[in-house]
Structure formats: C-alpha cells, structure tokens
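The following block contains the structure, expressed as structure tokens.
As written, the chain order gives the labels A, B, C, D, E, F, G and H, with residue 1 at the start of each chain.
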Amino acid sequence: MSVTEMFSYIQGFLSADQDIREDIRKVVQVLEQTAREILTVLQSVHQPTGFKDIPSKCTKARELFCTVRKHTGELKTKFPAEQYYRYHELWRFVLQRLAFLAAFVVYLESEALVTREEVAQILAIEVDREKGFHLDVEDYLAGVLIMASELSRLAVNSVTAGDYGRPLRISNFINELDSGFRLLNLKNDPLRKRYDGLKYDVKKIEEVVYDLSIRGLAKEQEQEPGEEK
Amino acid sequence: KIEDSGSHNSPIIAAFRVFQQELDSRYDKYERLVKISRDITIESKRTIFLLHRVTSVPDVEGILKEAEVKLDGVRQKIGLIAEELRGEDLYQFHRAITPGIQEYVEAVSFHHFIKHRSLISLEEINARLVFIRDSKGSDESPSVLTFQIPASDFLLGIADLTGELMRMCISSVGNGDMDTPFQLSGFLREIHDGFALIGNTGPYEVSKKLHTLRQSLGKVEDACYTLRVRGSEIPTHMLADVFSSRAVPLDADDNMA
Amino acid sequence: MSVTEMFSYIQGFLSADQDIREDIRKVVQVLEQTAREILTVLQSVHQPTGFKDIPSKCTKARELFCTVRKHTGELKTKFPAEQYYRYHELWRFVLQRLAFLAAFVVYLESEALVTREEVAQILAIEVDREKGFHLDVEDYLAGVLIMASELSRLAVNSVTAGDYGRPLRISNFINELDSGFRLLNLKNDPLRKRYDGLKYDVKKIEEVVYDLSIRGLAKEQEQEPGEEK
Amino acid sequence: MSVTEMFSYIQGFLSADQDIREDIRKVVQVLEQTAREILTVLQSVHQPTGFKDIPSKCTKARELFCTVRKHTGELKTKFPAEQYYRYHELWRFVLQRLAFLAAFVVYLESEALVTREEVAQILAIEVDREKGFHLDVEDYLAGVLIMASELSRLAVNSVTAGDYGRPLRISNFINELDSGFRLLNLKNDPLRKRYDGLKYDVKKIEEVVYDLSIRGLAKEQEQEPGEEK
Amino acid sequence: MSVTEMFSYIQGFLSADQDIREDIRKVVQVLEQTAREILTVLQSVHQPTGFKDIPSKCTKARELFCTVRKHTGELKTKFPAEQYYRYHELWRFVLQRLAFLAAFVVYLESEALVTREEVAQILAIEVDREKGFHLDVEDYLAGVLIMASELSRLAVNSVTAGDYGRPLRISNFINELDSGFRLLNLKNDPLRKRYDGLKYDVKKIEEVVYDLSIRGLAKEQEQEPGEEK
Amino acid sequence: MSVTEMFSYIQGFLSADQDIREDIRKVVQVLEQTAREILTVLQSVHQPTGFKDIPSKCTKARELFCTVRKHTGELKTKFPAEQYYRYHELWRFVLQRLAFLAAFVVYLESEALVTREEVAQILAIEVDREKGFHLDVEDYLAGVLIMASELSRLAVNSVTAGDYGRPLRISNFINELDSGFRLLNLKNDPLRKRYDGLKYDVKKIEEVVYDLSIRGLAKEQEQEPGEEK
Amino acid sequence: MSVTEMFSYIQGFLSADQDIREDIRKVVQVLEQTAREILTVLQSVHQPTGFKDIPSKCTKARELFCTVRKHTGELKTKFPAEQYYRYHELWRFVLQRLAFLAAFVVYLESEALVTREEVAQILAIEVDREKGFHLDVEDYLAGVLIMASELSRLAVNSVTAGDYGRPLRISNFINELDSGFRLLNLKNDPLRKRYDGLKYDVKKIEEVVYDLSIRGLAKEQEQEPGEEK
Amino acid sequence: KIEDSGSHNSPIIAAFRVFQQELDSRYDKYERLVKISRDITIESKRTIFLLHRVTSVPDVEGILKEAEVKLDGVRQKIGLIAEELRGEDLYQFHRAITPGIQEYVEAVSFHHFIKHRSLISLEEINARLVFIRDSKGSDESPSVLTFQIPASDFLLGIADLTGELMRMCISSVGNGDMDTPFQLSGFLREIHDGFALIGNTGPYEVSKKLHTLRQSLGKVEDACYTLRVRGSEIPTHMLADVFSSRAVPLDADDNMA
C-alpha cells in the first residue's frame, strides 16, 4: 500500500467520525431548544403570581419532556453504543441541564430529591451503562447541584411572594443534600467546583430563614405547613 | 536600468497606488465612524446618567424631556452614520459602530421603560431613525435616509439595559420608593426569561452577557425580598410615610447640584 | 407585543441567520477541499523534477479552478447579496487561500503579479462590491503575501534543481512587491502581521542570491534570462 | 431509599472509577519510563558516531519494545473494554510517543513509513476498535508527525556527520508524507496544530538539501546511495 | 562518572522522592475522609434542633479525632523528620481543615480560642519543629480563620434557633480575634487573603447584633450570659 | 567618547533606576506598617465602648501621622521629583490607604469631607504636581471611597452602641458624597469599580435609617445632634 | 468649597488627562507616517543599484527628518513636561523607530555609531530629562539594536552588489557594538530580548566575512577602504 | 469593662503577640535569605558573563582564575545561607534561596566545563560548600558548616547551563573557533539525553525547561551543521588560518575595553 493509498484509507475513518459528530450535534441542538422551553415554563414559578399554579406548570413541563424523550431516542441511534464516552462531551452539557430540569419538576411536585432512576426514566435513557445510552452519575449530580442554586433563588422569591413557609422547607432539603454530598469523595474537577458553590446556596437560604425568624415570621407559618402544600 | 526605474513605472507599483487609495478611503471612513460611534456612546451614557436622577428628584417629567432632547441629538449623530453608509454594506463597518449603537439602544430603551414601563421594540427604535436630507443637487426633492439597527445590537443593548435597571432598583430602595423595585423585578424577570429562551443560539457576545444579567436579576430579587421582609414589620402606608419624610432633605441637596 | 413575543420574534431572526451560516459553511468546506487539491498539484514544483514541467502543472491547476468556480457560484446563492460582510469571516480564509493559488499559478506561468481583476476572473467572482460577490482588496493582498512566502521556498528549491537564474528574478519581483506594500498604510490587523512576515521572505531570498553571487553562480545566468523565460 | 443511602450508593460508583484511573495511571507510568529508555537509545543516532551502528540501535530498541508489549497487555486488563474512550486521555500521550518510537525504528531500518498495522503489532494492540484495546488513528498520525520533526533534526546532524546522501532521501520521504497529510480533512484540533508544524520541517530539510546542492555536495553522493545504505 | 551515569544517579533521588509523595498522598486522603466526617457531625449545630445537644456532638467529634491521631501517627513515618517543609504542601490543606475542626470543637465546648498547643495535642502532633511532625503556626492561624467564617454562620443560625445571646458573644470573640490578627505583619500570601475575608465575617456578625439590638432582643439576653453557658 | 565609554556611561543610568526602585520599596514598607497601626487605633471606634472616646482615638491617630510625615518626607528624596509617574505604582496602594485614614480621622473629628488639600497637608505632601511629590486626584478619590464603606459599617455599629443619631448624619453625608461622584465621568478603571460599590454602602445605610424610622428612633435623636458631638 | 464644587473641579482634572492622550495619539500617528517614508528611502540601499548613491538617499532622509522635528516640536506642547513618564508608552514605539532611522542614516554617512546626543539633535529633542522632552536611554538602545539587524542584511546585500569591503567594516562595527552591550547589566525586559538577537546578527555577518575570506575576496578590498568611503 | 481592657490583657492578644514574634522572625529570616540569594544571583551572572569572554580573548587561563575568585566570593555568600539555616529545615526557606542556588550551579558548572570539558557532579559542587566558622564561645574549637544543594536545584541549574553553552557555541562560530562548537554539541546532546531520560518524573520546573533545552540543542546542532557545510568548501587548515588572521583586530578591540 502506497503512502497515498494509506492516507486515503485513513481519511475514510476521519470522515466517518466527523459525520457522526455532525449528526449528534444536530440532535443536541434540538434537545437544547426543548430544554430552554422547559426552563422558561419552570422559571415562571419565581413570579409573585407563579406560586399559585405550580402544579399546572409542572404538568406543562412534563409534556415537554415527551419531546425530549423523542430526541434522546434519536440520539442513541447516531453512534455505536460502546463509544458513549468518545462523544460524551457533545451531549454532556445538555444532559446536565435536562437532569436539572427533571430534578426541579420533581422537587416542585413533591419537595423530594429526584433519584437517578427517575431522571433516567423521565429522559427515557438508562441508568446502567451496560444497558445502553445512560445517565452518567456525575451528570446526574451536576443537575442536582444546578437545582440547589435555583432553590436558593426560589427561597428568596417565595418570601417576596408572601410564602414564608417554603424557605424553611427548602433549607431543610438543602441541608440534607449538603450532607449527602459530603459523603462523596469528589475529584478536583468541574463537579467539585460546582459543589463548592453549594456552600453559598446553603448560607443564602439560612440567611433568608434568619430574616424570617428575627421578625417572628417563620414561627407563625411553621404551624400550618400541612395546609399550605 | 530596469531595477532603478522599477519603483516608479512598474505595473506593480501602479496597482499598489490604487490599493493605497482604496484602503485609505476605507480606513478613513472606518475612523470617522469610530469617532461618531464614540460620540454616540458618550452622549447615550450621559442620557442614562441623567435618567437615573428620576429616583431622587420629584420632577420626573422634566428629566424625561431633557433626556428626550439629548436622545434627539444622538439620533442626529446616527443620521451621520446613515449618511456615511449610504450605498455601503453596513456589516463592513459594523465593528466601528456597534458600541455606539448598543449604547443608544440601552439609553432609548431605558427612557422608554421609565416613561411607559414596557420594553421598546426594535421596530419602534428603527421608526425614529429616518432622516430627511436635502439632496446634493439642490433642486431635486429631499431624499430619505434610514438606519436599521441589527437585531444583535438591539439584543446587546437590551442586555446592558438590565444593568441600568438593577442600578435603578438599588437606588429606588435607597430612596424609599416602594413600587419601582417590584415593577423592575417583574420586568427584569421577563427579559431574563426572554434571553434564557434565546440561550446560546444568539451571537457569542449575548451569551457572554447572560451571566451579568443573571446577577443583576439576583440583586433585584434580593432587593424586593428585603423590602418585603422589612415591610413585614410595619403597615405599608406607614412605610411610605417614613420615606416621604426622608425624601425632602435629599431633594434639597440635589437642587444645589 | 409582549416581552416574550418580542424575544420569539427576534429568535426568528437569529435562527434564519444561523441557517445561512450553516449553508455557507458547507460550501466553504468543499472549496477548502478543492483548494487543498490545487495546492498539492502546485507544491510539486518544489521537487527537483518538478521544475521541468511547470506548464503542465499550471494547466492541471487551471482545470481544478473550474470546480472552484462552480462552488463560488453556489456560494453566492446562499445569502442576500448586500450582506456580504455579515458573513465575510466564514469564507475569508478560503478566499485568501484561493487568491494565493491563483497568484501562484499566474506567477509560475508568466513571472508576473496577478491583478485583482485576474484573480476575480479565475474565481468567477467580482472586483466591485456593487456588482455582487466580490474579492475584498485585503483578501487579495493576503493571498499575494502567502505567495511571497511560497516564492522564498521556491528560490531555495530552484537552486537545488540547478536553476540559478530564478532566485535572482524572484528577488527582483519580491523587492518590487515589498515597495508596493510599503505604500500602504496598514492598520494593526492580521494583514499587517502577514506583511511583517514579508521581511523574512525578502531576507531569505537575498541570502540565496548572495550564496549564488559569492560563488559566481549568479553572474553566468544573468546573461541569459531572456532565453530561459 | 433515603438521601444518605442514595449518596452512599453513588459513592461506590465514584470510588470504582477512581480506582480504575489509579490503576491505569500506574501502568502508564511504567510505559512512559520504557518509552523514555527507547528514546534514549534512538536519540544516539544523532551523535556523529551514531550513524555507524544504526542497525544495532534498532535491535536494542526492538528488544525494549518487548517490555512495552508486556505493559500494554497489562493495561488492557485494567478497565472494561467498551470504556476505552472514557479513559483515553490517560494513555493517549504515551501511546503517541510509542507510535512515534515505533515509526522511527521502522524508518531507520527501512526508510519507509510504518503502517498503522505495524505500529499496532509492535505494541501488541489492535487496529480495529471492535477487536479490543486499539491504536486510535489520530494517535497513529500524531506519532508519525513527531517522527517528521525528529527526521528534520536527523537531516541536519547527518550532514554534520558527513553523510550527505541521507538529507536528500529524508527530503523525498517527508514530501511524500506531506502530500499524504494534505489528503486529510483535519479538524481544528491538536493534530491539526501538529500538522501545521510539518510545513517547517519540510522547509528546514529543503534548506539542508539546498546548502548541499549549492556546494555541489548533494550530487556526488547521489551517485552512490546503494553503497552507503 | 559519565553524564548518563550522573543523570541515572539523580533519577534515583527523584524516584525516591516521588515514592514518598505517593505514600503521603494516601495517608492524607484518609485524613481528608475523617475530616469530612467530623465536619458532618459539627455542621449539624447549625440546625435549629442542633443547638440543644452541642455537647454530645462535641463528644462525637472528639471520638473521631482518635482516628485522626492514628493517621497523623502514620503520616510521620512516611518521610525523614527533618524534611517536613519539603512535603508540607501535601498535607497543608488537610492540616488546616483539622486545625479548624479542633478550634471549632473547643469553641463550642468553652467559647474560647483553642491554643496552638491544644490543637497539636488533639492531633497528636508537636508544636515545636525541633520535636518532630508539628503544626506550623500559619496553618494554625488558617484553621482559626476558617472557624471565624463558620462562626459568622453560627451567629445567623443561632438567631433562627432562638438563641439571641450567642451572636453577641460571638461578636466579642471575633472582634478580639480581629485585633489579634491585626498585630501580625502578614505577607501577601494565602493567609493574608484569608485574613482579608475576616473583615466580611466581622461585618456580618455586627449586622446580626445590630438586628437584635434594634429590636431590643440583644439587651434582655445580655443580662444572663453566665447562666446560659 | 568611545563606544565602550558610552556604554559604561549608559550602564550608570540603568543601575540608578534599579537602585531607586529598591529605595522606594523600603520606605513604602515602613509606611504600610504605620498605616496599619493607625488603622488599629481607628478600628476600635466600632466597638460599643469605642464610641465614647472618639476624640482621644483621633488624637492618637494624629500623632501617628507625624511618623507618616517623616516617611513621606523621606520618600520624596528617593527619586527626581519630575519622575513621579515613573514610579507611581510603587506607592500608589499605600497612599490610597493613608488618604482613607486621613479622611476617616477628619470625618470622626468634624463629620466633614476632608479636602484634597487637607489630606496632602496631613501627609505633608503637595496638591499640585508642579510643587513636588503630590497626591494624585485618583488616589485621593480612592481613599474617600474606602472611607465610605467604613462609614456604612459605623452606621450599623452606632445603632448597636445605642447612638441613633449618627446613622442619619452618616446617611446625609454619604448621599452628598454620592451626588459628588455622579458628577465625575469615570473611565472603566479600578476607581470606577470602587465607585460602583458605593451604591451598596448607600443602600445599607438607608436600611439602617429605615429601621430607626419605623421604630420612631430616628426622629428623637435628630433634634439633638449638636449636643452629642 | 462644597462637595459638589469640589467634585466638579476634580472632573476637570480627569477630562484633561483623556484629552491629552487623544492629542498625543494624533501627533504620534503623523510621526509614524513620516517614519515609514524615511524607511522607504533608506531601504533602497539594499538594492544592487542602491549602493551607488547612498549619499543622495541620506540627504533625502535628512530632509524628511525636518518634518519629524516639526512634529516632535508639536508633541512636546501636548502635555506638561514633567509628566513625560505618565504618557511614555504612547510615543515609545515610534521614538525607537526614529532612533533607528537616525542611527542608520548616520551609519551610512560616516560608518560611526550615532550618539544619544546626535539622535536627540536629529529629532530636536533633549538628552537630559531635566531639560524637557527627552530620548530615554532604553529607547535609544532599542533603536541602535534595530539598526544592527539592518546592518547584517546590508552585509549580505553588499556582497551581492559586488562591494566586498563593506561586510568587513560592518563586522568590526557590530563587534564593537556587541562589546558595548556586554557592559550593560540588562534586566529581563524587552530590551534584553532584542539584545539576544544581536548575537545572531554578529554570527551572520561573521559568516559573510568568512565566505569572503576563504575566497580571498576580503583581503584585497581591506586595503582600500579609505578610497571607497 | 471587659471589652475595653480586652485588647490589652486578653489571652488571645497575648497569644497573638507570640505569633507576631514567631512570624516576624521567620519573615525576617526569609527576607535576609532572599537578599543573599539575590546577591548570589547577580554575582553568578557576572561570573557567567565574564566566562563568555573566553571565546574572544587569548588569555583563557586568566579569565578562569578571575572567575574562580568571583566564585569564591559567591561561596562565601552561600556560607551565610548555611549559617542562617543552621538547625533549620532547608525546605522551609527553599523558595527564598532557590534562584540564587540555581544560578550558582549554572556558573560553577559553566566554569567547570570550560576548564575540564565535562559535567561537574553534585558531589563535587557540595564538596566545596564546607565552611569553617569560629564558634561564638571563643575558646571552643571552630565548627564546620556544610550546605547541601538539593538535587532539583542542581538539575535546574544544569538546565540553564545549556542556554549558556548555546550562547558560547554561537559566539565561538562567530569568532572562528572550529573545535568548541563540536565539543559543545556532543556535550549538550549528552545533557539533553539525560534530561530526556528523566522526562516528567522530575519536578515540574524541570519539565518546563525541557523545551528551551531542546531549542538550545537545535541551535547548536545547526551551528555545527553550518560549520561543516561551509567547511566543505575549503580544507580545514586553511579555515583556521582564515579565522586566526581575523582574531587579531578583535583582540585589540577587546583589550581596549
């Protein structure tokens, strides 16, 4: 085989790879668009009026996740399954965003932490790598941390909207989350940096609770959390 | 012999003399546009600066009128740009004018918000950038020049507007204005959600400003939160009293300036 | 029009713009491929054996320029004609390469500097902006500067191939080019940086001529430039 | 499952991954050490005296490649085969170095371009991803480019050692390589940057050949390449 | 000794050094794990319910410090005692964390500043460099500063928990600490940067005290600090 | 003058510059030490007990400024007067700190804004550049802004200390300052950034005033500011 | 003076500085234009025919220096004399270019090193900082080093033009210059980097002299340098 | 009452006074070491500078002796470091002294190379860093102080040495010395191969210098190549002649300096 033949042959490899990347990129763009739409729906909970119809917003978001599932289904077909990590970077960002959105919906619905299994189910992907296109555990955790920072914003805005009970509940939830993360031995990577940000969210929410407490606003609500939910 | 005369008669040199003229006139135009843009920036910034006084003085109308006059001046300058770009490709000189144009969008949208409490549209802005010019041949009818602001500059100007809105909010709180902060937070949230919808599909510069926008929104939300929390300790009408009594010495002070 | 509507409306603009960019990028990729092929043809003149059949190489390159013209024709249809500079950056690089290749072919054929008109004709584009998709003067100049550096390499290799007359002719040509560029009042931009590189090409060629002079190899050839051309 | 349980469970995943990385890193360190030893052996060809016993140096390098094969064998056992790209970055650097060393040995032995198959064989790894731990095509190309720059150094030093024929042969080889690479449509990545460096190697070697030609040193050797090899 | 021998000889040094570092790193990882566990125990004092059983939390933390002492004992054996500062960076971070945790426990127990001697004793290390593995004064001070920022958080949360006396006591304590630090002539180093952060802690605590004062909540408690302790 | 003599002569110039920088750096270090001492004296006004003897603290600070003047006097002698801007960066930081301290003393004494003339006098330097070592206007402004943030802290602490009149006076003062700064057309430089922080100081102080107002604490004191001073 | 008046007054200072910078920038642009024209005149000495009428080129350059003097004269009026170093960076680049051009003219006229005094005189500026707008010693040295590299080019081209005596004289001159620079204890700054380039100029010129020597071309000319000058 | 006296009698303040002393004495020592190190750097650089003259003057021995005297002075300064570090942990102050120590290694190994054409070993360097000091108590026997250069500083100094060797090679070519460049290229290649063997197992700073080292080697190899290629046009003995005839004016020039 001459040098020219050899390089022509190699060019075949390179083109195939570039085509796959191009295909993935297109599906990811569509996913990003849908993710942005879900975000727009959910962000309206920060509006003073938004607190009233959280359930309807969640329903709407759940509907949009149908579209997401269609596209994740498509994504899987674009590359050989065992090369997940070869192209991981291409969808990593959007998958973390989607995990965040799923976690946020679940929190708004039930004030509970979404599990990795639930997120995978909402996105119609797998939990175990062996079974196919899956949700990497680090991407799940990144999504959860993005939600934590959204919750600190929610704590502030719920006070503005006159809901004095929610911050306390958020505070408890975030504290539990913080303890959970403290169990993990994170490497010095982007996830670690994101986790360092959690400290600020915790502090921020504690200060909201403090402001309510010192004015005697926390107590009065504490008595009736059942009714409010 | 050939080499010596070369530098004078060679076709290469002749061609380069043409390039020289072409490049020089292009660069000169570019420089002129940069200068106009810089003037527009300065004057727009001054307008914004002036508009911020609405939070601390009673005569809002007067300030709005003064700002309107300033903005008219800026529009005259944009007319100069339109004239320079007559028959040209706007995007060839876009880099020269984009800072000024963005700053104008910021100023005019700030003015519009204070007056109407709504977001000005690109069409509304462009509608005021129509210029009537006497034609050079004096007996022809006057020609109409327009300037169309690119969507990206509009977006970038609006992104910067959010920073000004945040500043206005902080000042309002400082001066005891109870309504503006809440209005601002709603408005800012709408703009924020709008940008979130666009996300990274817009030009790179827009994505870059998203972080600042988010921070501004956070500051405004914190301010509203503070008002609510503090307001909880006293009935609202009393709150207004407290601050209106404070407003007087401030005004006096400002009138001196 | 609500804020949300306004942003949706603007997003329409942005998507349209992105689609155009995508279309342009595809044509540009094909152009790059052809440019690389022309380069491969012309590069062979540096080979010791390459000096013999420069004309045939030029003919072959000229043929490939037909393909180029087909694609530049396509490129023009991808965006509104009056927004040339909006998308300029997308084809700027390949257009400079093509201007270089055209300039190199013309130099090899006639040892003369290609004019802007000639380059435009070879690429089937315009010289005047008003007439349509055109060759920006700065891109033309960039192409000429790329050629200058190729010529300094040619001067070296022509000595290896035993052609002692060519370096001297290249030296005169480059010097004239240098004088031409010194007339221009370049800004502190990429073109200026490229022009700064011309200094090194001039120096390199001067050293080749020096090597020939000191060995008495330049003189003997100087007497017969007419015959050789 | 409580938050705590969930996070404990996740910590299991993270630890497993970290352990694999640690294991891989250790083997890679040993590979790097051996690679450095091979390099030391091969670099001695640049010594004036080194030109005489190139064959014996190649033999010695070949022996050290036995050690390499032992460790590549070990490397494969450290992680699930289908997660090659998850840990690719960990061995990428050393694999490129080894590809370079294999290419250099083969060049010194036969003055021919090593094929990807040969490199894979020398390292006892696969060519096809499907068959197991393989040599990624981009890593093979990176190794070849490192060799090109080593050859430009060899051209210089062979002149110093009085071998005037080798530079000419290297020049032809590198030119062929350059044409080969021009067939590839490289992305804007590290490989592309490395390839841009090839231009300088080509030029450098051409200048060596030029220096020999202008002094009539290239010709005299050209007649007897058979004897010298 | 030839150059090659000399370099082999030096490589011996370097490998030995690297092995030591590897050993130290492993022990440090275990220490970090334990430190994280102690932190989890102590963090719970920020919970509204946590204020009740601070003593029991301290006891639990004290127990975990036994494990710490086991590992610091191990750490000492990993390198020549007189080369403490050669490897200082490797354990510096975790030692500062441990000093912080020790200081926090002592503060919670007695509302007093832990002395350097006490920290050293809790960690079973020395105070004087001459005596063996010791606690550098800068690391002790860094630990104290981390605690200061934890105390500003505690001041906020003690108000939430209804303990209005604690913020005032913390304020006095932090002010004294600030005066102490102002005696130091710190260089422009990490410690200095950390100290600059103290300003914000002081301010935050002052604001909490202010909030209590203006509502007449500080006064009433001030009368009975003795009883509460 | 021979080339050698000329260069020896030139070397003199270069060494002189380096010596000057070394000399300046030494004096600046001493100034920083004294600045820190003045700060410690003035910081104690934030203590509840500190409000009582502000005059005595000012007196003590004034005494320390004598030392400052000794060193600024020394500083001037270290370089040719007309090269102020050549070495400006070396003392810029400490001069801004000293300007802040001077401004703070003057405010505590008279509740008035120190003029640039007064600062210059306190530091025994000039206002006009032409007359000698002067206080650059930007450095004066930076000092004033540092004081503004110190005053917002003072407003908070004066409430804690039971002084309800001071916050109102500080509020008026800071508002006047803010109006002043609005007149300046600051470039996008460090000073601008510092000025942006002023808004938060204004806001904080307004909040204190608000807290006093709604409790009717502000008014009663407003009537007797004269007595309190 | 009220706060408002004070700040209005200060605003005057700040605007003045910005205006000064704008003014200086304009004059510097004109100076750069003239410098480029002088360069074009002097560059032609590298042409084979250029060696004949060096004197006339120098005359022409001298005339253009009149224009330079007009603009340096103007430059001085744009800012207060004692703030030279405040604005130094604005004209530094062009002043170094002009120093180079002055040094080159003087060398071509007399084959001697221009003194700083002479450069200052040609540019109608001062040598002593005290006397007014002056030529900083580092800028003078930078100009001299730019000339050194121009002279190495001249040495090469004078051989091509058949002038075999000039390289030897240039060699002696450059060697003397090198000895001079060795006397300087340069910091690790731009000037030092420029000086490191001088060694390569020295080497290049030595190679030219060597080439002439081995061909017996240097000696014969050495005897008649007087006549040629 | 407590707060007021607090800043004077509190145990915290008392403890911090101790820290103040400890830190000040540490920082002071650090500063003193930085200054000594700076002196060592300057004097070592001067020595290197002086040694470079061997390529252009005939009296190599004289220069070597002069350099030896300078190096003795530097060693005295290293003695001061040893004294400061008596009983201390060298690595605590390593950052203060490493620049000077590296520069000394560079100078002393350069001197050694010119004299012996070989690489000095770490042991040879350390053997000369033994200092006899009179004990403070005057009637005790004089004490012996030693200074051991860390292996990493040795390596870093040697890495820098290669830069000087490259400069020496370029000057030698310029001055017509035919042997030195070839000797240098062999020597440099050995050092380069040595560093290649160590690769990235050494400290980070060493890896950082590898690129420069490779560049220096390239320059030296190019110089040898040039000599060989140019030398091919003339018999070697003639070559020497050519340059020796050139050497005279150069010397004359230098004697003037």
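Criterion: a contact is a pair of C-beta atoms (placed from the backbone, for glycine too) under 8 Å apart; a residue touches a chain by one contact, two chains touch by 3 or more.
The structure displayed is predicted, hence computed values, not measured ones.
Peer 1: Shared touching chains for subunit F and subunit H?
Peer 2: Chains touching both subunit F and subunit H: E, G.
Peer 1: Given a C-alpha superposition of subunit C onto subunit F, how large is the rotation in degrees, taken in steps of 5?
Peer 2: For the C-alpha superposition of subunit C onto subunit F, the angle is 175 degrees.
Peer 1: The C-D interface: which of F-G, C-G or A-D repeats it, judged by over half of the contact pairs being the same residue numbers?
Peer 2: When the residue numbers line up for over half the pairs, the pair is C-G.
Peer 1: Give the chain pair, either E-H or A-B, that is connected by more C-beta contacts.
Peer 2: Pair with more contacting C-beta pairs, A-B versus E-H: E-H.
Peer 1: Measuring from the mean C-alpha position of subunit D to the mean C-alpha position of subunit G, what distance in angstrom results?
Peer 2: The mean C-alpha positions of subunit D and subunit G differ by 48 Å.
Peer 1: Averaging only over C-alpha atoms, locate the centres of subunit D and subunit F and give their separation in whole Å.
Peer 2: Roughly 62 Å, centre to centre.
Peer 1: Report the inter-chain centroid distance for subunit E and subunit G in whole angstrom, where each centroid is the mean of the CA atoms.
Peer 2: Distance between chain centres: 61 Å.
Peer 1: Quick one: which residues in subunit D touch 2 or more of the other chains?
Peer 2: Answer for subunit D, listing residues that touch two or more other chains: 179, 183, 185.
Peer 1: Could you list which residues of subunit B touch at least two other chains?
Peer 2: 3, 7, 193, 197-198, 201, 233, 257 - these are the residues of subunit B that touch more than one other chain.
Peer 1: Over in the complex, which subunit A residues touch subunit E? Could you list them?
Peer 2: 175, 178-179, 182, 185, 203, 206-207, 209-210, 213-214, 218
Peer 1: Which residues, counting only subunit E, touch subunit H once they are in their complex?
Peer 2: Within the complex, subunit E contacts subunit H at residues 1-4, 6-8, 10-11, 13-15, 18, 82-86, 88, 112-113, 115-116, 129-130, 137-138, 141, 172, 175-177, 179-181, 183-187.
Peer 1: Can you check the complex and tell me which residues of subunit C touch subunit D?
Peer 2: Touching subunit D from subunit C are residues 29, 32-33, 36, 39-40, 43, 46-47, 153, 156-157, 159-160, 162, 208, 211-212, 215, 217.
Peer 1: In the complex of these two chains, what residues of subunit H are touching subunit D?
Peer 2: Residues of subunit H touching subunit D: 182, 185-186, 189, 192-193, 196-201, 218, 221-222, 224-225, 228-229, 232-233.
Peer 1: Contact residues on subunit H for subunit G in the complex?
Peer 2: It comes out as residues 49, 52, 167, 170-171, 173-176, 223, 226, 230, 233-234, 238-239, 242-243, 245-246, 249-250, 253-254, 257.
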